[in-house]
Amino acid sequence: MRVLLNGEVHEIAQQTTVEELLCSLHLERTPVAVERNTKIIPRAKYSTAVLQPDDEVEIVHFVGGG
Amino acid sequence: MRVLLNGEVHEIAQQTTVEELLCSLHLERTPVAVERNTKIIPRAKYSTAVLQPDDEVEIVHFVGGG
Amino acid sequence: MRVLLNGEVHEIAQQTTVEELLCSLHLERTPVAVERNTKIIPRAKYSTAVLQPDDEVEIVHFVGGG
Amino acid sequence: MRVLLNGEVHEIAQQTTVEELLCSLHLERTPVAVERNTKIIPRAKYSTAVLQPDDEVEIVHFVGGG
Amino acid sequence: MAEISEIDALQIGSHTFRSRLMTGTGKYPSMEVARGALRASGSEVVTVAVRRVDLSDSDEESILGMLQQEGRIILPNTAGCYTAEDAVRTARLAREILDTPLIKLEVIGDTQTLFPDIPATLEAAATLVSEGFTVLPYFTDDPVSAKRLEELGCAAVMPLAAPIGSGLGIQNPRNIEIIVQKAKVPVIVDAGVGTASDAALAMELGVDGVLMNTAIAGAKDPVRMATAMRLAIQAGRDAFLAGRIPRKLYASASSPIEGVIGSKFEP
Amino acid sequence: MAEISEIDALQIGSHTFRSRLMTGTGKYPSMEVARGALRASGSEVVTVAVRRVDLSDSDEESILGMLQQEGRIILPNTAGCYTAEDAVRTARLAREILDTPLIKLEVIGDTQTLFPDIPATLEAAATLVSEGFTVLPYFTDDPVSAKRLEELGCAAVMPLAAPIGSGLGIQNPRNIEIIVQKAKVPVIVDAGVGTASDAALAMELGVDGVLMNTAIAGAKDPVRMATAMRLAIQAGRDAFLAGRIPRKLYASASSPIEGVIGSKFEP
Amino acid sequence: MAEISEIDALQIGSHTFRSRLMTGTGKYPSMEVARGALRASGSEVVTVAVRRVDLSDSDEESILGMLQQEGRIILPNTAGCYTAEDAVRTARLAREILDTPLIKLEVIGDTQTLFPDIPATLEAAATLVSEGFTVLPYFTDDPVSAKRLEELGCAAVMPLAAPIGSGLGIQNPRNIEIIVQKAKVPVIVDAGVGTASDAALAMELGVDGVLMNTAIAGAKDPVRMATAMRLAIQAGRDAFLAGRIPRKLYASASSPIEGVIGSKFEP
Amino acid sequence: MAEISEIDALQIGSHTFRSRLMTGTGKYPSMEVARGALRASGSEVVTVAVRRVDLSDSDEESILGMLQQEGRIILPNTAGCYTAEDAVRTARLAREILDTPLIKLEVIGDTQTLFPDIPATLEAAATLVSEGFTVLPYFTDDPVSAKRLEELGCAAVMPLAAPIGSGLGIQNPRNIEIIVQKAKVPVIVDAGVGTASDAALAMELGVDGVLMNTAIAGAKDPVRMATAMRLAIQAGRDAFLAGRIPRKLYASASSPIEGVIGSKFEP
């Protein structure tokens, strides 16, 4: 199924959880935050939150800025 | 009856029109604008607009300012 | 004979007066001032002042400036 | 005899040396410089320099300044 | 002598002006001084405040009468209003008095600085534009607010130079410059000018006009200061149009370098 | 309209001037532009340099002729001189050409800044005064030198605003202010003005006049800039005489605080 | 030598800081230079932006890791947001990453000036305060907006000195001064500082701190400039607390006037 | 932490200094405050005046003793002298007291401004150099005089920032900049600094040091102000060496423009 991940279309398996997505991106240990359809998914729900087709997912972190 | 005229309590006759009020104040030929209860009373209605008890009336004109 | 005129060597006839020099330069009617060996030659003496070999002559006028 | 000392008239004994003057002023150990009639008297000559009547003597030191 | 600047007109709403100086009418020692200063200033647009008629004094001199005698365009203002609602009410009353769509919008945010309340100014501007007013809003020197006011349909934008009546002159010329560069409507500096060079400097930044009151009315000689301001506005405008020389750290001789006496011939 | 400022004359030596703007004649693109700018400036005193006649070009246009046609007072200068001796020689030559005692004294100390050589300027001034010249010396903005030049008998003192031709404007207004406060002869700012507001500001500091060249001649439109400068000088003078309002950190309302609609009666 | 200023702490929200210099982390040529500059600056509060993870580059160096190694307080910001909604979303994401209530709120109104959108900033500030954030809002130097942000519950207010990255320094010191006089929360100048004297001047106006990024990161030698800024902030703070001498037009001798040689006795 | 600036030494005559702050010793409320401020300032070169011993008070506290205890280099000055002759006499006396060739030369031209007499300063400088003094002359900010003093053999040149004791700060930064660009000897700003940012600004213009007295001694808390000045001088020097960012009218984002949430993929 398709999701919009950080503004780009990605193909992922049905029933993928946020945790699985982060693992597949090697981000499981990186300090990030995840938003689905403009709502934050708290860290505690990564293992249970299942992505749906056409979800708009944002995965963000801190970068240098002023 | 009592009305609030430019912030002060005035005693006027029942059924006083705006025109009559202006005449009594010698303002019939002065360029002013009149507001009753925050609504403007157009010049054309001065002769027909009858004041009610406790009306809040503002009579304003131009003064020097910057 | 040679004179230094406005910083350049000029060949002129012996016994040339300032007046003759100015005429030869078509400056007889131009408002100028003349200096010989750092001393001013007044206008009244143009006809009698005879130039000598190696005189340093300056002929100046007004130009635009600030 | 009279000398002018730092702008003021002082009465001192004939044949007074600079050294004696400084001692009498309790300045023998203070870092000062001495000028007589606008000429400096070097430290080495304090014991031999004899003041004359009407000498103008300046005794200066360092003070706070900017 | 004919002023070159007289053919360079300012357009605001449906009005065309030769003078780029707008003046206030407050704080004058007398009506006659106000009239003299007005004449000396050459100002065509004159702002007035809306206030309650003083019912205890029926012989109040009429500023409006004087201004109409002098043939000036009246620009009512909403000075003294601290909310969008009061400013809108005041603007409507002003229109009722004179049947003019012109309004200088002020929504004040603070009694000590008399700086504007930006969100309330935007709100009132939107309402007044929708009601057909020709809105000239007073605001800070913020380029973003300038653009918002323009987008809302204001006929001009009026950034302040400094606090009203402070006489400090242009405190942030670069902000004014940025506002000018980005604006599609006239930019009128409003408030804070103290003396003639301040007015000239404002015009040199490219603004379309300057509105002032205290600088003239509060001067020791208001009529003479009005003359000064008229001249300064024209001077600044002409200098802006004439294109000034660039600034340089070092000198550049204005007299020729060659031909000085005593110099030797160098072939 | 009659200018109030027209009755406020400037006295230098035996001359009386209505205009407080003095102009140079260098760097103009053509004689006609120079003439147009001169007319627009209203300048009565015009400075010229003394240079060798170009013997290879007998058709040189005569600046002197144009200035005399226009009826201006000629103020010869010693621009380009680097020693007191050269400046004195040049002054004498200038007097010989025109039989005028007026001389703008410049003794330059450095080719890059064109700042004056102060001791040489003092020396030349002393000599020229003793020879009967009416000396107007160009110098830095140093109050002590100003006083020395005045004591030597100079007819006016001419502090620079900034390097000649730099267009930087008044770099040190406080020095100019001090010079004005202590001077008994006219103070003319000479050099460094860039635009109209600079000229107005100089006048507001209380100086008696401003002399400029590059700011006008080097502008994109010299004639218009000359108009701007004429107006700015008058504006600054009028503002100085009118007495500006004091500067304040906070605001002061120009419209009445009382009588705003909606306010309640407070007995 | 022990710094006198080390006992003069800055309190923001629940945090207490010895350093009054806050720094950004953008635009450094390398992580190592960023680290060196951070150490040299002595900054305890460091701001970072929130951006999408670059999914094509899993080896991105982690700014967060470096900052945590260095033991700094992280101040996430909402740079790049143009609406209140985006800013609020970004703030929530930042809190989710680090579990910190601190947020430097920026709602930008224009891409060229990067000046804030004032109404949107006020709206976002209200929302974030209600959600328990410790809000430090970036805004213009407008005293009225400063007061509104304070009333909304912001932990500090952060007026700009000049456009972000412009290096122009304090464009309107009087507005900053007014904000300081009226504020009950800390005032941190944010954006526009160019060099050390700008930072010192800001502190002398009485602000509680300065936040900067480009002035350090963009210098030829960022580490040395970070040292300069650390010293300048302390210098400005100490000068503010020490109470400067008043400004005077004329001189006042620093050496005694009496006792000069050669002077005569005057009874 | 080690200061980067500590390895950047100042050479004057045969002396090498780590500190670029020179201080005066006048106007302190007490010797103990003077000592505390001296320590806080880190100043290595300290100037003192030459005055008559007060013959009526044999218990005068000795400033020299304190300075020698603190291990400072003494720089005698000729403050209070109004002629070249008096300045030369005073310099010789100073050398006699301490056997030091160092002399801060002041020849004052005016009691109100305390500005120097330029010709007399040049004359005295020539004499003192010929007698083997290491001459540091106080003068105006005139680039031509600076060059003359250097050519006469002065070990440094000391332009004023503003009148002595005025606290006005650098009145003409461009003149100072020009002096620095053209000088081959150290340039020390002397007089007129008011607060820390003034000192930092001077150093950022590239001068080699700053000498001050009243700014410290006259502050409400002289010791704290001395600390501020020490830090400011270092800050300004480091900023100068670090190479500041250029000034720009518009903004330049310090956070990345890309990767903001919500933005769409644009192929």
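Read from first to last, the chains carry the letters A, B, C, D, E, F, G and H; within each, the first residue is number 1.
By definition in this document, a contact is a pair of C-beta atoms (placed from the backbone, for glycine too) under 8 Å apart; a residue touches a chain by one contact, two chains touch by 3 or more.
Keep in mind the model is a prediction, meaning the values are calculated, not measured.
Trainee: Both subunit B and subunit E are touched by which chains?
Mentor: Correct list: F.
Trainee: Name whichever of A-H and A-G has more C-beta pairs touching across its two chains.
Mentor: Counting C-beta pairs in contact for A-G and A-H gives the edge to A-G.
Trainee: Quick check for the class: compute each chain's Cα centroid; which one is farthest from the centroid of subunit E?
Mentor: D
Trainee: If you take the mean of the Cα atoms for each chain, which one ends up farthest from subunit H?
Mentor: The chain lying farthest from subunit H is B.
Trainee: How many angstrom between the C-alpha centroids of subunit C and subunit A?
Mentor: Centre-to-centre distance between subunit A and subunit C: 95 Å.
Trainee: On a C-alpha centroid basis, what's the spacing between subunit E and subunit H, in Å?
Mentor: Centre-to-centre distance between subunit E and subunit H: 45 Å.
Trainee: Subunit B to subunit C: how many Å between their CA centres?
Mentor: 93
Trainee: Taking the mean of the CA coordinates per chain, how far is subunit C from subunit F in Å?
Mentor: 34
Trainee: For subunit B, which residues are shared contacts with two or more other chains?
Mentor: 6-8, 35, 58, 60, 63-66 - these are the residues of subunit B that touch more than one other chain.
Trainee: Tell me, which residues of subunit G touch at least two other chains?
Mentor: In subunit G, residues 24, 26-27, 49-52, 77, 79, 89, 93, 112-113, 115, 164, 168, 174, 178, 213-214, 217, 249-250, 254-256, 259, 261-262 touch at least two other chains, as defined above.
Trainee: Check the chains against each other and report every pair that touches.
Mentor: Applying the touch criterion to every chain pair yields A-G, A-H, B-E, B-F, C-E, C-F, D-G, D-H, E-F, E-G, E-H, F-G, F-H, G-H.
Trainee: Within the complex, which stretch of subunit D touches subunit G?
Mentor: Residues 6-9, 35, 58, 60, 63-66.
Trainee: Report the residues of subunit G in contact with subunit E in the complex, numbered from low to high.
Mentor: Answer in residue numbers: 109-110, 112-113, 115-119, 122, 140, 142-145, 147-148, 162, 168, 171-172, 174-175, 178, 182.
Trainee: With touch defined as at the start, can you tell me which subunit H residues reach subunit E in the complex?
Mentor: Residue list for subunit H touching subunit E: 174, 177-178, 249-250.
Trainee: Note which residues of subunit H are touching subunit A in the complex, please.
Mentor: These residues of subunit H touch subunit A: 254-256, 259, 261-265.
Trainee: Spell out the residues on subunit A that touch subunit G in their complex, using ranges where they run on.
Mentor: 5-8, 25-27, 30-35, 38, 40, 42-43, 58-66
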